[in-house]
Every structure is written in C-alpha cells, then in structure tokens.
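Chain IDs A, B, C and D follow the sequence of writing; residue 1 opens each chain.
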C-alpha cells in the first residue's frame, strides 16, 4: 500500500509540496537558494477544479526553523498542520488553506525582512509566495481572505509584514513573537563576544567553523542567532558576513548606534508610527508564556499596550509556560484568525 | 513547480511512503494501529523495473520516535536518510536501500520485542516489514543482503533482532544502544514512583493524564519511558496497562524478580547464550558517547567485551558526547554496514 | 567592642570550641588529624559550675561537611545551632546542649563508621567525643540523656551509631539520610569510571589532581564522594587509597561482591537484624524531601516500613523539596528529640 | 583542650571579632542594625602592645554575603583569611592585617554606597570601620597603608570607595566586580516583574513573603537582588521599600530615567569623571572569569580600557571560569595589593 506524508501525520486533508523561484532572493550574499519550498495544506474536500474559494493562513516558522520544520511530528504533540486539520474536522474552525512559508538562511533565519545582505524576504513573502498561492490554489485572493501567524521570529515576521505591507493581510497572530529587543537581545551579547573572539573576530570564520562541526554548543547557537539578527537588522552590504554587530567585537561594549538600528525593527517601537496600517486589520492577536526565557512576555504586553493606546483592540493572552514547544497555542489562534476572514459559500 | 518531501530534504534519491497491515500487531492491548508506515529510501538511479538488486539497511528509531521522526530535518544536521544519500553521492558507500521502520506505541516505543501486551514487534519487523520490502523493492532478499541499525532503543532493537532472529541480517550497528540495564534503568525508578503515586498508582490514569496535557514535565516523560520498557520486558497480559513494574508502586522498593525479567533482555547478559547467532554475523558495531546520561557507554563496553570473550570481532568506538543528537555517527556506521553486504553487479 | 562568633550568628547561648585527641583516629591511612574539634553549644543560663545537668543532642554533618561547616551562616536561613537557640528561646524545646561532631576526611567524609583505612570514626564518636563532652560539660551522662541526628551522611551516621552502639543514645533523627544504596549509589558509577579512567585508574592520582585544582567539576565531586564511600564501606587495608571500588575500573561493570559490602551498611538492610538495638530507643525519626536527587525518600520509606514490620514506632515525614538546604527540618527534629530525653530539675 | 575558630580554620594568625556602633547606619529605613561586626585578621607575631605597624587590606563581601560569610570554610578551598594566612606563611606576601567589613542589609546588600534608604554604607566604611581599626590595631593609618578589595558587589564597592573617597586607599582589587550595568542588570527585569506581580506589585509584601519562606526559588533571589540594587542606586526616601524600580511594575517596560540613576553608579561610566581620584592610586587591579553569567568580564574590560584611555596603568586579568567560587583569585590580588602598600620595619 502507498501512503503519503500527510497521511503518516494523520491528516485528513492534503499537503502540497511546491517550489517557487523567488526574484526577491536572487543574488543574496549568503548564497541561499532563490528556489524555495511552498507547502500548502488543503482541507478535506478541497477541489482544485471546483468553484469554492478559501481563506488562507500563512504560517511563518521561527529562528533555526524552515518550512519543513513546521511539519516535524513530535509524539503526543501536534504541529500547525495537525492542529488545523483537527480543528477543521472538529468544526471548531471553518475550512481554510494553510501555507507554510520558508524563511531560512545560512545564518539561521531572515526575520522576514528585506535585507541588502540576505535578500528581500518580506517582498518574497508578499509578492512571490502569495503570488504563487493565489495563482495555483482556489484562494480568496484579497486582503480579507488572508491572515499571517507565527511563533517566535515567525511572530515577529507576522507583525512586521502587517505593518510594512498593509493591504495584504486582514489579521495576524504572534505567538511568543520577538519584541522589546532591549530585553531580548543584549543578554546574549557577552556570550557572542566571547565566541567571536575565539574566532579572531571573524564572522565568516565563525560560520565556517560552526557549519563544519558535528555538534554545537549552546553558546554557538546563540552566536549564530545574533548574526542572523544582524543580517536582518544591521547589514552593511551585499558582501557575505559584512554586518554591523551591536557591540564592539573586541571590548564587547554596546554600540548604541547599531543597536538603534535593531530597535527600529522592534514591534514595540513601531506601533505608534504604523497606527494606520494596524487599524485596517480586523483582528490582532498576541500571546506569550510568562516564563519566556527572552522576556518576550514583556514585549507582548508592551505591543498590546501600545495598540490600545492607539485605540486599537487586541487580543492578548498569557499562559504559564516558557518559550519552547508552545505549539498548542495554535488551537487558540487558528480558529480566531479564520473566523474573521472572508468566506465563500 | 511541484517538488517532493525528499527534494526538500535535499535528497538525490527518492523516498517511498508505504504502509503495511501487520498481523503481528493486530489486537494489541494499547489499541495501536496494525497498519504501519514503511518508508523506503532508494538511491539515485534506482529502477523499480530494472534488473539490479540492492542490499538493504533497516533503521530502527529510538524511544519516543517513529518512522516519520527519522526524517525530521534539523538545520545544520543530517538525518539518517540525508547521511545515506550524501555518502552514496560521495561514493563513500555503495548503493543500497534504507528502510525506516516504525516501532512506536502509545507508551512511546516497543523496543522491537514480541510482547503479549504491545504486540509482536520483533515478528512484525522480521516477517511483515521485511516481507513487504522484499516483495516490492529490488532487494537482495537474503541474510547477506540485510543489515540492521539504530540509535538508543533502536540500537537495542538491532541487537535484539540479530540475537533472536538469526539468519535475517548479516550485520548490525548499535549507536548508544540500550544495554547494561543495571545502570540505565534504576536511576529513574524513584521519579517514576513519585509520579505514579500522584496518580493513585494507576498506570492507566497516568497515561490518560499524560495524553491530555499540552506539555509534560521531564519526570512525566521518564515515567512514560519506564512504562514503555515494562510493556516490552515485563508485561502481564493483553489487558491495557497490565504490566509488572520493577519496583513496588507504594514503597518504591526494587522488585528483584521483575527487574530480573528486564535484565533478561539486557544485551550484556545475552551475548554468551547467543554466541552462535552472533557468530554468523559478518560485522558487529557498537558506539557510544562517553558522557551518555544513561551510562550506555558502559553497556557498549560490556557488550563488546562479552563478544570478544566469545572470540567474536567487534568494532567498538567511543566519542566525546552525550546521548542526544549523535546522528553524525551514521557517517561511520552506514558505510561500514553496507561494505560487508552482498552486492549485485 | 569585642563580640563573639556566637553573637555574630545571633545566638543567645554560647559556643565552645574544644579539641580532642582521638586514639580511634590515630595512624589512619589518609593522614587525617587525630586531633579534632568538638564544638559545643550551651543554652543561655548554662553554668559550667552549676548543679544543673542537661541532655545532649549530637549533630553529625553530611558528606563534604565538617564541624565548622555546621556553623556556616547563610542569609535568611538558620543553621542547626541557630535553630536550637531560637527554639529554646521560644520555649518550643527544653534547654539542652548541642554538640557538633567532626567526621571529615581527606576523601570528604567518614560516614561515621569504623574503617581499617580511614580510622574508627564510630568508636571516635561514641568513646572519644562523648567521653570528652561528658567529662567537661554538665551533661546527663547516660543513654537517656543523649540523642543523635544528622542530615544526609549525618543521617546515615545517626542510624549507624544507634544500631551498632546500643546503650549510647535514646533517640535519633535522620534528615535525608543515606539509605537504599541500590538507588542512591550506582547512578554515579559511570561518571566515576570515566573520571578515574582519565587518571589511569589510579585513585591516588585522582585525589592529588583534585586537591591541586582551584575548582572542580561536578563529576569530580561525585567521584570523590564514591571514593569516600568506598573508604568507609569497602576498604582493603591501612594503605592510602587501597580501596575496593564497587565496579570494575576498566569496564565499569558492577562488582557485585564489593557492592554487597556497601549494601551491608545500608540502613534498609540492617533494621531486621538490629531490631533489639532499635527497640530500646525512645524515639525514631526519619524525613526526606520527595524530590531528593538520590532517591533517599525511597530509602526513608523503606527504613520506616522495616521498623514498623518489627513492631517499632517511627515518625516518618515527607516534604516537597530536594536534597539541598533542608536545614529548616531541624525545627521539627530538635524539639522532638529533646522532648524524649531525660531532664533534671 | 580549648581551640579557636581561627585554629579550626587552620590559621596561624588570629581572628578578632569586634563590633562597632555606626552613626552612619543609624535610623535606616530597613531597621538594619547600626551595630556591626568588624572582623580583623592579624598575622602570626602580631603584638597589640608592640611597636610595629602594619598595612591593612579591607575586604568587602558580595551580595547576600556578610562579614561572617567571608569566613565560611569550604572543604578543598580557602577563604580570604585562609589565603592571606597561607600567603604570609609562604612569605609570598608581607605581613599585613585583613579586615572583613560587613555590608549586609535586609535586602541582601548595600553595595557600600550612601543611600537615603539603607543608610550611609560608604561613610560607615570610610569613617566608622576604618576609624575603629586604626584606633584599636597597630595599623599604618594613612592612605599609603590601606587597600580595598572585594568580589562581585564587593569589587564594585572597592571601586566605588576609591573613586568617591580619595585619600583613603592606595590600591584596589575588584574580582568579578559589578560593572557595565547595561548587560548585568536588565536580563533580570522580566523575572523581577513577574515575581512582584505575584505580590500585587508590593515590594514590602514580596520581602515579607521571602523572609517567611523556608526555601526560596532562584527567581525570588534574583528579585531580592534587584531590590537591593534599587535600595542603593534609586531609593526614594527613608521609608522602608520606598524605591524606584528601573522598570514599570505593571508592564515591565524599562524606565530609562530610573535606570540612568543606576548607570550613574556604573564604574565604567565613572572612570573619566574620576580620573584624578584614580590617578592617585598606586595600583589598580581587576579580573573576571570569561564565562561570568552577568557579563562582568565585559565590564572589567571596559573599566580597564577607560582607565588606560586616561593614561592610567591597570592590571587586568581574565580566566576560564564563571562567577561562582572564584576565591582562588585572592592568591593573585592579596600579594599584589600588599606589595604596593607602605611597610614599617
């Protein structure tokens, strides 16, 4: 008997493994492929040749993740596709498509922003990924038919995209999304300084050594993470590893002017200046565990507070957990997002 | 563009997602499905209609894993299929098939043994899985064309199967395989006693509570693990959760007679009595990290020592690592296993 | 102004820093001093020249501790002398003396047993320490006037002394005391084997390296701990480091015959054969945290169960804590012990 | 035989337990005692009635420590008095006195600064403690005869005192001293916000609950630590717990204007403005482990860099360790400090 990857995960719906060639990512400094997977979940009864059209949820993975990683199946847990499939089967949410977006880079993640160094990942999502999905699937191909969500860096990406690309999505959900960088990032800088010093302050030497290892220490993952953020928030040029780090490589001292470039991407800082973009959304959702190791619960509080100060409604939830394995929160966000989107009968 | 799961993992070869209906697993106490996936990797150039036949490596996952889990793709690492594909592309090993075997149960794993409670997982592998593969793929369908390997509980399974089912495989590799239960298991018993006491000593109540949770504590995983072992080594009947635990549920005292049933499965104890079965193997491989949290490095030393005492050659390697994420050891075992198997020209 | 160490700890009573020369410890293999401190706490109003006599509580420190260590003052906590002083001031317990006994060795602790290798620490306590205290202080110098207590290895020592030296103490308290060695000890053996292998299997080489270091790794402390136990439970001779380890130094395999010598000291095993000695006690007390890292809660349950099977009453308490910093349990044990001892009016 | 606390610690010299009544601490908000211990180590041969005078090293303990804590004896380690005694015995350093200063408060520590809330701990050290020592001991009672050192908050205190009270000390040593607060403090703020929220944002309620507990969680210690810093750096009044916290209690957002008050105490920030005070020192010493959990190695680098930018010589050392148990560094600092001080023949 033949089966499918979707069936092995217990899905009643189908998975479609597509690939697109993204002009937005062509010629990037890291040599990351412009050809990217687009994985599409369609619910039971989806008929590519039918007349029904469906709303679409775009899911963005976190740092060190990729599109495939969103499909990883852990025993006794459900990934985002398994949750969606289950919630549809239970009639807890309406039929909708789910698109798993790939934002991985050689430095572990793009943060879904346009970067002179990494390539234009925001443009890639908004134009290339959505363009493909709307062209090939029976979608409700308009703002009212789309929402975006993600966890950690994916939550950041969701907030970034609704603020920078208004008119694309009608709702967002950020699970433990990167925010309030003042707390989230600097605690890592001493570790990163030490690690880079061990590689003679050469980012490229560090990356090469990292890639050559069978196994990496936690401090090495943290270092790569900060390189990933620098490649998104403070790149210098299209030359590989030509990044401004937010601290002096030799002394470790904070470089305020570079860190200010990071903070300019902080959702907390951007709400006020993006009030109009946020206002057109039908639904805004943030949650975070109250033991989040990066203090992102504070960030979610502040983003929510800033939105309310602008007169915007926001659904903000907290729960007793840390940053890891909070995929069970999709049970809350997926129906809430789908509920506000346009449907066709 | 369409792509495939295999392509997304960067494979040059193909993945085949099959399913079989296993009589050996029918009617098990846990209600686990008798229908199981069999995932087959075929190398580039494999032609189902051709005349070439290939040796087959059977890979067994560890506790809490399943067949799909062996395909999980982690950034900067390779899973067993990615290693195999790469080693074949590099001509470091000959063309061969790789079969990912599923041994998951509701209690987290079967240890690949025949159990009145769980179902006959050894028989299932030997008869049902291999039967399917030999029937559907161009295999060298004989002892000389098969090897078995695995990590952790999968390494145990590999050793169990070559000892209990001689004539099936010509070689085995055990990575950090379960052994020397005297060190590996009892350290968990106090934790398990405390956890089960919190569920009024009811194994079923614990399992139900475990399954209902969004997230589990480490002590709960450890408890489930010991239930899994009891279901394999000391089951009482075909009634769900009717297991003998190796300690008194109320006092926590070791039950020597039950633990003796576990130890009877310990590879260290079985080498001497299975000398003939082990002797017919062409190749025996064990490795383990010297910081293994379960002390399985001691087990690997003892299994190797016992084999040498029987005059058997064994390749035994140690490395500086713990129990987690040692998949890079496949780089050593896969070519070594494939090299000793029959080939067809 | 002059003050005193006792006053700095906030004591209303006095501390007396004595020293004795113990024949029982003379000529030991480790070169540990036969001259030992005996620290005596006397309550407010104690008059060395008066006619009142007081019951005495003997307190035994844990592994890696010493008499002085029992006086370590941690902010927001109380040590045993501070508890005693406070409980007497509150009239929660009667006036009594507290003696802090020193059982430290070069290997971190004596377990308070007579050892051909370490010296006769049980004899030292029973004869030399008590002899000194009864000679110099106004004690009720008889069984009915003495109790013994301790934490961890000190709790073990308390149980050991009441069983091996009946007629000395009328009561004991064991806080998280070493017991059920089957769970407590073997989990450390793989670590110890690895550490000793790094010193070419030489115990002496390990100890020298340990002592020469500025700072030691946790695995090195664990190794020293097991050497300490071997020096108490399985010494070979009066030559330094001539100990039988309970596992094969090269393979790590359990040496059952050596471990049996350890288990012969296990309180769980000794209750039945020491029923008469235990019966003459007026009070038996054990407690342990239910998250004890060494599983000593199971040990305390089993010792208590064994005593009850002999028809002996025992006060057995459990609490929600681990093995560290449970000194607050003295609040329970000190009054309970003092209450059963003889008083003079 | 009688012995002494000093002898029990193996000292050849003597310990003097004094107490003083400090006007600087009288009437503080926390109700901490104005009567404080002053513990003085005198080397072998010290003669209170003789004509020789000695230089004095003043040692400041870290956060949660006190004067007595500096005398805690850990097996296989040496405390500051044991190091001093040993170095003098080895003739590695000249004869000198060592004074253990007490700076503990109900909130865990004073940082040795004058605070409207806590009392004037800098004044207390400079005037009351030194006044007492110079009055009662045979000291070289002038700047050239005094040095100050400490670890962690004690290292901070050393730097604070030499900058704010020039003319008192001729040298300082800071071991893993608090500095570069931008990295050291904010990582704790999310934890503190969560903890205080659980006490309805009442600092007093938190402190009372903390004090009433038998055992505290790590997050509670961290919270107390930040209260301690606020009581030193950003007190509001002489009313207990009337402190400005550097973040909004409800949202957790950084309060820049309060944190600026903390940063005004940061040694990194103060070097330039205290160049004259630092210039008069004969010797400046900083060290820190390169795995310091608070990133204080970066702080030590920056303080040293700032001093060198002012043309000041500084001895700056790094070592491979974290923040805990680095007392072995006294072996370096004690002789280096004593060497530059005035001696009398």
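Assume a contact is a pair of C-beta atoms (placed from the backbone, for glycine too) under 8 Å apart; a residue touches a chain by one contact, two chains touch by 3 or more.
All of these numbers come straight from a predicted model, not from anything done at the bench.
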(request) State the smallest step count from chain B to chain D, taking one step as a move to a touching chain. (result) 2
(message) On a C-alpha centroid basis, what's the spacing between chain A and chain D, in Å?
(response) 46
(message) Centroid from C-alpha atoms only, then distance chain C to chain D, rounded to Å. What do you get?
(response) 35
(request) Mind checking the centre-to-centre distance between chain A and chain C? Centres are C-alpha means, answer in whole Å. (result) 56
(request) By the touch definition up top, name every chain pair that qualifies. (result) A-B, A-D, B-C, C-D
(message) Per the contact definition, I'd like the list of chain A residues that touch chain B in the complex.
(response) 1-5, 7-9, 16-21, 37, 64-69, 72-76, 104, 108, 210-211, 214-216, 321, 325-326, 328
(message) Applying the document's contact rule, which stretches of chain A touch chain D when the two form their complex?
(response) 180, 182-183, 186-187, 189-190, 193-194, 251-254, 290-292, 295, 297-298, 301-302, 305
